[in-house]
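Pasting the structures in now, so scroll down.
Note that subunit A is present in both complexes that follow, paired respectively with subunit B and with subunit C.
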Partner chain A sequence: MNFFVKIINDLQTYFEFPFVRYALIVGILISLCSSLLGVTLVLKRFSFIGDGLSHVAFGAMAIASVLKLTNNMPLILIITVLCAILLLRSGSRRKIKGDAAVAMISVGALAMGYLMLNVLNPSSNLTGDVCSTLFGSTSILTLTKTNVYICIVLSVLMLLFFVFFYNKIFAVTFDENFALATGTKANLYNLLIAVVVAVIIVLAMNLVGSLLISALVIFPALSAMRVFKSFKSVTICSAIFSVVCTTLGLLISIVAGTPVGSTIVAVDIVGFLGFYVAGLIKGGKKA
Partner chain B sequence: MKKYIALLMALLMVLSLSACGKLEEEKVYEGTASYDKNDDSIGDIVDLTKLSSTMVYSEVNQIMITPEKYIGKTIKMAGKCALYYNQQDESKTYYSCIISDATACCSQGIEFTLKEGDAYPDLNTDITVEGTFASYKEDGTTYYHLENAKLL
Partner chain C sequence: MAQLSCVDLCLGYDNKVILENLNFSVSSGDYLCIVGENGSGKSTLMKTILGLQSPISGKVVFSDGMHKDQIGYLPQQTVVQKDFPASVREIVLSGCCGGSGFRPFYNASQKELCEKAMEKMGITNLSKRCYRELSGGQQQRVLLARALCATEKMLLLDEPVSGLDPKVTADMYELIERLNREDKITVIMISHDISAAVKYATHILHIGKNVFFGKKHEYLKSREGKIFDIAEGGAKQ
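Showing the complex of A and B:
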């Protein structure tokens, strides 16, 4: 009992710090956005694109470091969005297709980013910079006010996009050809989805680091799919799952002193296992 | 209709979150120094030894980003002792208390200057140091350190 009282007291103390409250606000917004689009990405078999774009974002961050930019987010956003459009641009004229293109850009960006940091980085703490970018470290707890405001504005735009274009996203996700036949501009919506994914990847880099971003996109969607079947219910469940796991992971890492990104992903994994078992029980009852 | 209600909700949610951010901004100084609840002069003491490693790293980062807000505060921290030598003047040695983040790949620290006559610890020794956060100028550059520090 004393243990829980101590944890609650610790949390009360920690919430007096503005950067903890900022982290919670940004964490909730990012997890909400990533989970909403995660369902679409998983269903369209684009899960790996999140991983590829996160490596591109790492490369862009390396360029920003070399250029000594105080606010690196705009540059990272532009480069990642351009790569997302390049990767998701559909069409039969492309010479390097699908997963090969993702793998090539992903590995290339990672390698070039690390090379630039090694050769041109003005900071003496190379290991720290790389580790912090790849695994998130405490990035979410060291956000500047500008970063927080950018995160809030971009998250609102993501949510508006999802709410306004819910039906179109639904149509493009399940049957692109049918959507095309009914007059929906599937290519345009695919492009918009690519842009939104890129923005979420850049935002999520602060939360869990570029190597762990895919977890935020995949786990909530896959967990919800174990229990629910309709697009709407999976999306809602995925959003709630993601926000709860991120909040729990963030609070655990703050109290226990564990790395933020990997703690959030660990909570996601536990949540997924719980939903997997719940899905088996639910399936068993139906049978 | 549902779409517009959802849209309105999203806007309200975000507006309320933005409002929280603005309030916090005004309270930043009070908040960061107010966690020593047993002390009446809470605003003047920043005790980093009571925080988890993740929090210590984040708070030291805050001190590094906005050092002017911590000038005159008594800071108490625990970490490893690190030494630096002045390349122009080798007789000058600087001592710092270094802390690492949870992934153990990033580290930050604060320089400390002990009271006259006190003996400095050896390199990599685990130390707890308490001193007043202050700035000083050297070769035209402003540095920050804990002055009149004592080892606990």
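Showing the complex of A and C:
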């Protein structure tokens, strides 16, 4: 009992710091956005796009630091968005299929980025820099007010986009050819989805780092799919799942002093196992 | 009057020609079966009619109040759909999507259309069920109901009975025939099953090395049809 009181007291102390509050706000927003898109991405067999695009963002970051740009955000965004469009654009007659294309771009960007940093950048703490971009630094705990505002604005835009185009996203995800044949502008929606995915991933890099972004995209969706049967319930459940897990993970990492990104993913894994068992029980009852 | 006509159509992709000089037309209320071997260009023709692919030359013309987006399409199942978490109602309703333009939500008349389509297909009792848990025949009915939401005039069916057992296959053909007869919906069906094509269709388009287009009884007299007749007769003996 005393133990819990102590934790709550600790948290109260931590919440007096603005950066902890910022981290929580940004964490919740990003996990919400990525989980909503995650359902579509997992169903479109693009689970790994989070990983792929975040490596592209890492490569872009390397270019920016070699060029000594002070504000690297625009360059990273542009390059990532372009790659996302390239990967998600529709068309079944592509020469390289989805998973292979993602793998190629992902590994390629990672290698080129590291190579460039190594050869051209005289920074002394190279390993540290790379490690913190890949695994998520403590940068979520060093967010400025501007970062938070940008994140809030983009998240709200993304949420509006999702609600507004929910039915189109469903139609395009379920059956692109049918949607196209019956007059839905599937290509346009695919393009929009690609852009939004890229933006969310660049944002999320701050939170969990390049290597762990996939977790934010796939765990909520996969967990929700274990238990729920309709698109709407899966979407809502994965959003709630994601927000709860991220909040828990963030709080644990603050209290226990563990790395933010990996703690969040650890909580996601536990959540997934819980849903998996719940799905088995539910399915068992029916059969 | 023709709803759909293909004029001097030349099909293929990557500049490789599969089919040349294809001419045929479909009128309101027709039941056209497109038959031909694998690789003869059936799917390419279908994609061209739907506007998913552009022809190398020639054109597809819609007339008689018909518009390209008004074709209800029953595609073959994709891998993605096999484990897609969606309720039957969600899927059927998505057939209305093309008619909504940029309007974000479905209106009352679209929802009614969806209910009617489910009723017609006899799947109203499944409406809350999960698509991936249905049997193959039920899934086809769901997709057919969705196609009905997208059209009142013309259905394009891509091998609607592939993978179904004989009884469900017969039911499916009956269902399609009823749509054609009672609701006066034009049906264009791609099929491997020539005996069913001959049984239900009013017109046959046979593509391959030799192209034939005409009424069913003409087809049975034609060279392409005779080959089938011999095969069928042989089987009966």
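Going forward, the second predicted complex is superposed on the first by the 278 of 287 C-alpha atoms of A that agree within 3 Å, B and C clash if a C-alpha of one lies under 4 Å from a C-alpha of the other, contacts with A are read in each partner's own complex, and residues count from 1 in each chain.
We take it that a residue touches a chain if its C-beta (ideal position, glycine included) is under 8 Å from a C-beta of that chain, and two chains touch if they have at least 3 such contacts.
Values in this document were obtained by computation on a predicted structure and should not be read as measured data.
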{"item": "First (subunit B), second (subunit C), both or neither touched by A:F164", "value": "both"}
{"item": "Partner chain in contact with A:S253 - subunit B first, subunit C second, else both or neither", "value": "first"}
{"item": "Contacts of A:D175 with subunit B and subunit C, given as first, second, both or neither", "value": "second"}
{"item": "Touching partner for A:F228 - first (subunit B), second (subunit C), both, neither", "value": "second"}
{"item": "Subunit B versus subunit C as contact partner of A:T146, first or second or both or neither", "value": "neither"}
{"item": "Which of subunit B and subunit C A:N118 touches, first, second, both or neither", "value": "neither"}
{"item": "In the superposition, subunit B vs subunit C on subunit A residues touched", "value": "B"}
{"item": "Subunit B and subunit C contact sites that coincide on subunit A, given as residue numbers", "value": "163-164, 166"}
{"item": "Partner subunit C, residues of subunit A touching it in the complex", "value": "43-45, 93, 163-168, 170-171, 173-175, 177-184, 224-225, 228-232, 234"}
{"item": "Parts of subunit A lying in touch with subunit B, wherever the complex brings them together", "value": "10, 13-14, 16-22, 25, 29, 125, 127-128, 130-132, 135, 137-138, 141-142, 144-145, 148-149, 152, 155-156, 159-160, 163-164, 166, 253-260"}
{"item": "Of subunit C, residues touching subunit A in the complex", "value": "13, 50-52, 68-69, 71-73, 75, 78-81, 84-87, 90-91, 93-95, 97-100, 104-106, 128-130, 133, 146-147, 150-151"}
{"item": "Complex contact set, residues of subunit B against subunit A", "value": "3, 6-7, 10-11, 14, 17-18, 20-21, 24-25, 27-28, 31-32, 34-35, 37, 50-55, 57-59, 61-62, 65, 101-103, 105-107"}
